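Following this line, the structures themselves.
The following pair of complexes shares a single chain, chain A, combined with chain B in the former and chain C in the latter.
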Partner chain A sequence: MASRTISKDIITLRGSAAIVSEFFGYAANSILYNRGIYPEESFSKVKKYGLTLLLTQDDGVKSFITGLTSQLSEWLEAGKLQRVVLVIMSKATSEVLERWNFNIETDAEVVEKGVIKEKSDKEIMREIQAIMRQIASCITYLPCLDEACVFDVLAYTDKDTTVPMAWVESDAKLINNPQMVKLHSFDTKIHKVDTIVSYKNDEWEDEE
Partner chain B sequence: MQFLTPPSRKRRTEADADTSAGTSGAVASPVSDRRIVLYEQHEAVPFQVPRASFGPSDQLVCTYHCRQMVKSEFFVALDKAEKENAEYTARLAALNEQLYKIEEEREKYRDEASFLQQELAASKARENSLQERLLKEVDNSEERYRDQLRRISELEFEIKKEMDSRVAAEQFTETLKETVRELQTKLESLSDSSEREINSLKRELSYVQDESRFSSSKVTAELERTRLRAESAEEEAELLKEQLIGLKEQLDECLTQKGEIEHHPSSSNVSSSNAPSDDDKKMIKLLQEELHNYEKEVQEARKLKSSQLNSELLKEKLLEEQSRRERVELELSKLHEFQVKAQKLELELTSWKSLLNDIPDIVSYSDIPKKFAELQKEALENMAKLGEITAQLKEIKVAMEYADLSKQRAETECMLAKEKVESSSLEVKRLQLMLASVTEERDRLRKDSSASNKDAGPPDDSRVKELEAALNEKEQMMKEMDSSLQEHREIIAHQHAELKLFNDRLTDESKKVKSLERESDRLRHEVALLESKLGHGDYSSSNTKVLRMVNTLAVENEAKQTIEALQAELKRTTERLQAVEELKGQFDAALPEKLVQLKNQIAVLEKREERYKAVFAEKISVFRKACCSLFGYKIVMDDQKRPNGIPVTRFTLQSIYAQSDDEKLDFEYESGSMNIVMNDYTSQTDIAHQIEIFIRKMNSIPAFTANLTVECFNRRTLC
Partner chain C sequence: MDAGFSTNVGNNKTIPVMGHQTPDFTSFGYHWCRSATARASSQPSSHDYADRFIPNRTATNMDLAQGLLTIPRKEDSTVGLSASREAYRKLLVDTLLQGRTRILKYRNQPRTPKRSCLEPPQVQPIKQHRYIPKEPEKTMDVSDIACDWQLNLLDWGSNNIIAIAVDDTVYLWNATTKSISEMMTVDGASYPITSVSWDSDCRRIAIGLNNSYVELYDPATNKLIRTLQGNQQNLLVGSLAWNNHLLTTGSADGLIINNDVRIRSPIVSTYKSHRDGICGLKWSPSGQYLASGGNDKLLHVWDISKSDPLHQFNNHTASVRALAWCPFQNNLLASGGGKTDESIKFWNVSSGTCLKSVNTGSEVSGLLWNKSERELVSSHGLPKNQLVLWKYPSMAKMAELIDHLSPVQYLAQSPDGCKLATASTDETLKIWRISEKSTNKKTPRTSFVVGPCNMYSSIR
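Showing the complex of A and B:
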C-alpha cells in the first residue's frame, strides 16, 4: 500500500472569492429547485462537487444570478462582504417565509497583506458537497410552500462600501420568531462560510 | 529452624530435686533422684525422720549399707552422670551443630540483614528521592496552586468586573435597542405616513389634473358653444340683413310698382292716391326709421354680445381664480397640517435630544450608533476575554488533572513504600522475635552449658562470646533500624498530613473548577443565544448595511419609473404650489377689490343685457307683426342641429288667410340656402304644382308665397 501524503494546494484571495461566489451560485440554484420557486422543467442537470446539481435555464434568473455572483466575488476580494441572505417571500403578501443565511468570515491578514494559504482542494470540495447534500435534504424538515413565492438576495456589507448601480439599500427582511437550523460550514482558510436556514413557524407546528 | 530441647526432663529433675530438697521427711530413694546427695545431707534427710526408730548397731550396719548404697548409688549416679555427660556432650555436639547451623543461619540472616539493610538503604534512598520528588512536586503543585489561585482570584475579579460591565452594557444595549426600535418604528411610521401623504398628494394631483382637464374640456366646450352661438347670431344677423335687404328691395319694387300703377291711373285717382302714397311714404319712412333703429339695436345687440362674451370670459376667469383660491386655501390648510406635524416632529426631536442628553458620552443622534457599536465591541471583547478565560480554565483543568495524576502516582508510590516499609518492619519484627528466641535459647544453653560444661570444660566460650558479640551488634543494628523506621514513619505521617492538606486544597479547587464550569456553560449558552441572534439576521447598523439587488425579473423597473414620474410630478406640484403661493401673495391684497369691481361691472352688464333683451324682444315682436301684416305670413323660427352636427334654421310659415292650422309651409335655411320641406299641406296637388312651378322651375320662393297668399285671400274673400 502506497503511503498517502496529504497534498495541500495554494489558495489566494481571488481563488477563495471565486470558490465562495461559485458555491453561492450553485446553492441558490439548488434552493430554488428544492423549494419549488421555479418549475422543475426549467432546470437542467450538471455535474459539480461530485454531485448532480440542477441549474436554471431561465434567462432572466440566470442573468440575475451571474450578475449577483460577479458582484459578490468583487466584494469578497475587497473583504467587504459579511453575509449573504437568500430570502423567499410570498408573491401575494410579500411575507418573508424563509431566510437562507450564509455568514462569511474573512481573514483580514490575507486581505491586507496578501498572504497565501494552503488547503487541499479536495477537502474544500468535500465540505461544500456536504452542504449541498444538506440543502437537498432540507425538504424533510422545512414547511411546504403552498403558495406562489418569489426570491430575493440581500448582501450585508461594510458600512463604507459603495453601492453599485444595480443595488439599493434595503431592510433586513426578518422573520418573527423563526425556527433555525444550522447546516455544515466550509473553510478555504481565507473565507469561512457558515450556513443557517431560518423559517417561519408552520401553523401546524404551532398548534401541536 | 528450631531446635528442640528437652526442658521437660530437666525441669522434672529440677523439680524433683527441688521437691526432694524441699521436703523434710521424704522417703523417696536417692537413686531414683539420680542426684548425688551428700552423705551429710543424705544422713540428715533420712535420719531426721526415722531417727528415733534406729539404734547404734543398726547405725553402723546402716552406715555400711548406706555407704554401699551410696556407692552404688554414686556409681549409678556416675554412670548416669557419665551418660548424662555423654548425652550432654552429644547435646553439645548437637547444640554446636545447631550453633553452626545457627551461625550459618545468622550469616544468612546477616546476609539477609545486609540485604535488608541494602534494601532499606535503597528504600531510604527511594524514599528520600520520593520525598524529594514529592517535595518538589508538592512545591511545584503548591506554586502552581498558588499561581492558579492567584490566576483564579484575578480571573474571578476580572470575571466579576466583566460580568458587571457586561450586565451594565447589556442593560444599556437593551435600553438603546429599545430606543432604537422605538425610533425605527417611529421612522417607519413616519416614512409610512410620508408615503401615504405622498400617495394622497399624488392622488390629489391626479384628481386635480383630471379636474383641470375636465374644466378645460368644459371651457373648450363652452367656448365652442359660445362660438357657435356667436356664429349663429352672426348668421342670424346676416339673415336679418339679407331679409332687410330683400324687404328693401321688395319695398323698392312695391314703390316702383306703385309708381307705375300711380302713373297709369294717375288722372283719375290722383286725389285718391295721394293720401295712400303719403301713407305709404310715411309707412316707409317709419319702416326705414324702424330699420335704422333695428340696425342700431342690432349693433347694440352685437355690443351686448361682445360684452356678454367678455362677461362670460370674466366669469370664467373668476371661476378659475375662485378655484385657484379654493385650491390655495386647501393647500394652506394642508400647510397648516404639515406645520402641525412639523411641530410634533420637532417636539419628538427635542424629546429624543433630551434622551440623547441623558445617555452619557452621546452628543448627537449620530453618536448613538457609534456608542452602540462601541458597546457591541466591548461586548465582543468581553466575549473574547471569556473565551480566553474558558481556555485558561481548560488549561487549569488540565493542570489539575495532571496534578491529580501525579498525586495518585505519589500516593501509589507512597503506598508501595509503606508496604515495603511495613514488610521490612515485619521482617525486622520477625528477626527480633527470632533473635529473642535465639537469645532465650542461648541463655538456656548457657545455663545448661554452665551447669554441664563445668566438667566438660569451656571449649566454646570464645565462640559463644563471639556469637554474643555478634548478637549484640545485631541488636544494635536492629535498634538503629528501628529508630530509622520510626523516623521514616514520622516522615511518612508528615507526608500523609501534607497529602491530606493537598487533598483538601484539591477538593476546594475542584469545587472552584466546577463553579467555573457552570459559569462557562452559562456563557456558552449566552454565546449560543448571541449566535441565534446572528442567525436571525440582526446586525449593527453602524458597521453593516444591507443591500438588495434590483430584481430585473419583476416589476421593479416599472415601479422605479413610476416612482420617478411621481417624483417629477411632485416637483412640479411643489413648484406650482410655490407659484400659487407667490400669486396668492400678490393677489391677496388686490383680489377682493377686483372681485368687487368685476361684480359691479357684471351687475351693470347684466342690467344692460336685460334691458337690451327686453327692447330687442319688443322690437322683434313689432318686426314680426309688421312682417306678418306686410307679407301675410306668420313666421316661426327654430334652430336645430342635424345628426351630423350642422346647424339648420327651420322656418314655419302660416298664412294669415289660411283656413286651417294645418296649412303651414316649412323651410330650412342651411349655409345660405333656403329649401322647402315637404309636408302634408305642401304635398297636396295644388300646392305641389305651385311649388314645382315657382320654386323648382323659377327658383323663387317669394313668388310662391305671394301666389299662395293671393289664392288664400281669394278663397277667403270669395267664400
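Showing the complex of A and C:
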C-alpha cells in the first residue's frame, strides 16, 4: 500500500510552492492575453494543464514574470505569502480598472514541521485547469478595456519579511465600488489558492 | 434569524454591533456575508456563494475597522468583555488585518505595450512608428531598359522571383538566393518585349511582345508553353493581368482581350471601349472586376460577366497607369494620374463613386497596397522621383523614399509585403525594405487547434 503512493501523490512544501508560483505565471500570461494588455501576436501557444495556453514572447514581460514567480516561490516556501494581486490600470489615468486577487492560505504545520501531504497530481491539475478556463471565459462579463492598460503585481506578505531589492512598499490599489466575481480555487493540501476578480463598475447595468 | 447586527450600507463600511444571543461564529460569518451580498445586488454571481464568507476587503475601510477594534479595548476593561465579543474581535482581526500585512509591489516594470491591440490603428499619430530605411537595400544595374507608360516590364512573383524585361531578354532575379539568370530572349520580329506578368501561383510567366503576341513560358524549364495571337493590328501588348486561368491583355489600340489559356481558341471576350492605348490593367482580388486605365485619361471598371464597362470614370486629367485594388476592403480601387493630373483617387466600384482625391505633386506612375499594413505605396516622377508611403485612410505621408535620379517607371511588391522593387529610366533596379512584419506570420493564427483559447480570438 505504502509503495503505491510514493511517486506522484506526495506533495512537499517546495513542490507545492513550485506548483503555485508556476500557476501564477500562467494565470498572469492568460490574463494579459485575454484582457488585451499586450497585442495578441506577441503570444505563443504552449500545452499546460491539459489546455492550450498562451505565453508572451515579449522579453520584457517574460523576464518580469520569471523574476516575479521565483520570488513568490521563495515566499511560499517560507510560508510568508498571503496574497498576490494583479492590478490592471489605465495607462493614461493610472486608474485601477481590474484587480485579480489570488488569496493564499498556507498550512502552517507544514511550514513549521516539514510534514509531507498527499494529494494526487492529476487532481491538482484538474483544479488548476478549471481556474484557467474560468479566466479565459471571464471576458464574457468583464467590461471592455478600450484604452491602453498597464499591469502591476502586488504581494501581501507578513510584516516581518525582508523586502527584496526588486519590490517596494505600496498601497493596496483598491477599486471603489467594485463588482466582484469569485472563481474556482485549488488546493495542494499545503497551499490553498482562491481567485477573485474585482472590476470597476460600469454605469449600472439595466438588467435589474 | 439571529438578531445579529446591523451594517451601515451607505458608506461601504461594516460596523458590527453585538446581538443579545451568543451566536456561534459560523453564523456570524454567514450573516455578514448576506448583507455584503445584499449591497452588491446587481451582480448575480455573488448570490451563488452566499454560503461562503467573502471578505469584501477591497471595499472595507481598514483604518476605520482597526480604529473600532482598538476603541472598545480602551472603554471596557478586559474583564468586562464577554467571551463571544472577544472571540468575535479575534476573528475580525484575523480576517481584516491578517496580522498586519505588508503590501509589496514588484518594481521591475516591464515595457508597457507600445500598441495595444484594442487601439484602432487609425488613431496612431502621423509620425511613423516603425523605422523605414531611407536608402534602398540593393541597387542593380539594368541598362537600356525601355521606359514608356504603356509598358509593364517588372513583376515580382509569389515565388519571390523578380522578372524584368530589358530590351529583348527577360531576366529572373531570385530574391531568396539573390541570384540572377536569363530566362529567354526574343528574336528580332517581336522585339522588344513590352510586358511581363507572373501568374498567381507562378507556374507560368506571360510575356507580351511588340507584335501583339503573348508568349507563355514555364519558368522551371524556360520553355515556351504557348503563344497567344492577339489583335489583328499588330500593336504591342503593354499590359497583362492574370485572373486564375484567364489572361487579360491590353494593347496599344485600346483593345482588352480576355484569353483562357487552357482552351484551344483562347479568346473568351473582348472589351472595346478605350480610345487610346491601355496603360494599366488590374483584376480585383475577388476576380469579379477588371480595372483598366488608358492614355485617353479614362478609367474603366468592367464586370467579368458583361461586355460593357460597369463604370467609366473621367475624373483624371491625364493618362491613368497606376491602379491598385485594396486587399482589406472590398470594392475599393485606387488610381493614379499622370503628369497634368498628379492625383490619387479612391473609388468604390459597387456604388461607382469617387471617395477621395489626394494631390501628390508629381505624376503617379505606380500604386500598390501594402500587404502587411494598411498603407498605400505610390511611385512618382519629376521632380523628386520618390516613393511615398501613405497611411490609409488618413492619407498621411508615412515615408518618402528618394533615391532614383529619374522618374520611377515600374513598381512591384514582394510576396510577403516587406519589400518593394522599383525600376526607372536612370537604369537601376532598386529593392527597398518597407516593413519588418511579414504577412506570412499571420498564418499561425489560423492554424490554432480548436480549444478554449481559440474561441476568444474570434469573440474579439
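Definition applied: the second predicted complex is superposed on the first by the 196 of 208 C-alpha atoms of A that agree within 3 Å, B and C clash if a C-alpha of one lies under 4 Å from a C-alpha of the other, contacts with A are read in each partner's own complex, and residues count from 1 in each chain.
Simple rule for what comes next: a contact is a pair of C-beta atoms (placed from the backbone, for glycine too) under 8 Å apart; a residue touches a chain by one contact, two chains touch by 3 or more.
Note that this is a predicted model, so its numbers are computed, not measured.
A.B. asks: Clash or fit: what happens to chain B and chain C when chain A is overlaid?
C.D. replies: In the arrangement built by aligning on chain A, the partners chain C and chain B clash.
A.B. asks: Touching A:L145 in the superposition: chain B (first), chain C (second), both, neither?
C.D. replies: second
A.B. asks: Which partner does A:A172 reach: the first (chain B), the second (chain C), both, or neither?
C.D. replies: After superposition on chain A, A:A172 lies in contact with both partners, chain B and chain C.
A.B. asks: First (chain B), second (chain C), both or neither: which does A:R133 touch?
C.D. replies: A:R133: touches chain C, not chain B.
A.B. asks: Touch test for A:D158: chain B only (first), chain C only (second), both, or neither?
C.D. replies: both
A.B. asks: More residues of chain A are touched by which chain, chain B or chain C?
C.D. replies: Tallying touched residues of chain A, the top partner is C.
A.B. asks: Which partner does A:E112 reach: the first (chain B), the second (chain C), both, or neither?
C.D. replies: In the superposed model, A:E112 contacts neither chain B nor chain C.
A.B. asks: Can A:I37 be said to touch chain B (first), chain C (second), both, or neither?
C.D. replies: In the superposition, A:I37 contacts chain C only.
A.B. asks: For the superposed three-chain arrangement, which chain B stretch in 95-103, 275-283, 527-535 or 581-589 runs into chain C?
C.D. replies: Stretch 527-535 of chain B has C-alpha atoms clashing with chain C.
A.B. asks: Taking the contacts chain A makes with chain B in one complex and with chain C in the other, which residues are shared?
C.D. replies: Touching chain B and chain C on chain A: residues 60-61, 63-64, 67-68, 71, 82-83, 99, 101, 150, 152-159, 161, 163, 166-172, 174-175, 178, 180, 182, 196, 198.
A.B. asks: Spell out the part of chain C that touches chain A in their complex, as residue ranges.
C.D. replies: 12, 40, 42-43, 45-46, 49, 52, 54, 56, 58-59, 98-113, 115-119, 441, 445, 448-449, 451-454, 456-457, 459-460
A.B. asks: List the residues on chain A that touch chain B in their complex, please.
C.D. replies: 60-61, 63-64, 67-68, 71, 82-83, 85, 99, 101, 103, 150, 152-159, 161, 163, 166-175, 178, 180, 182, 196, 198
A.B. asks: Touching chain C in the complex: which residues of chain A?
C.D. replies: Those in contact with chain C are residues 33-34, 36-41, 45, 51-54, 58, 60-61, 63-64, 67-68, 71, 82-83, 91, 99, 101, 132-133, 136-137, 139-140, 144-150, 152-159, 161, 163, 166-172, 174-182, 196, 198, 204-205, 208.
A.B. asks: Which bits of chain B are touching chain A when the two form their complex?
C.D. replies: 532, 534-539, 542-554
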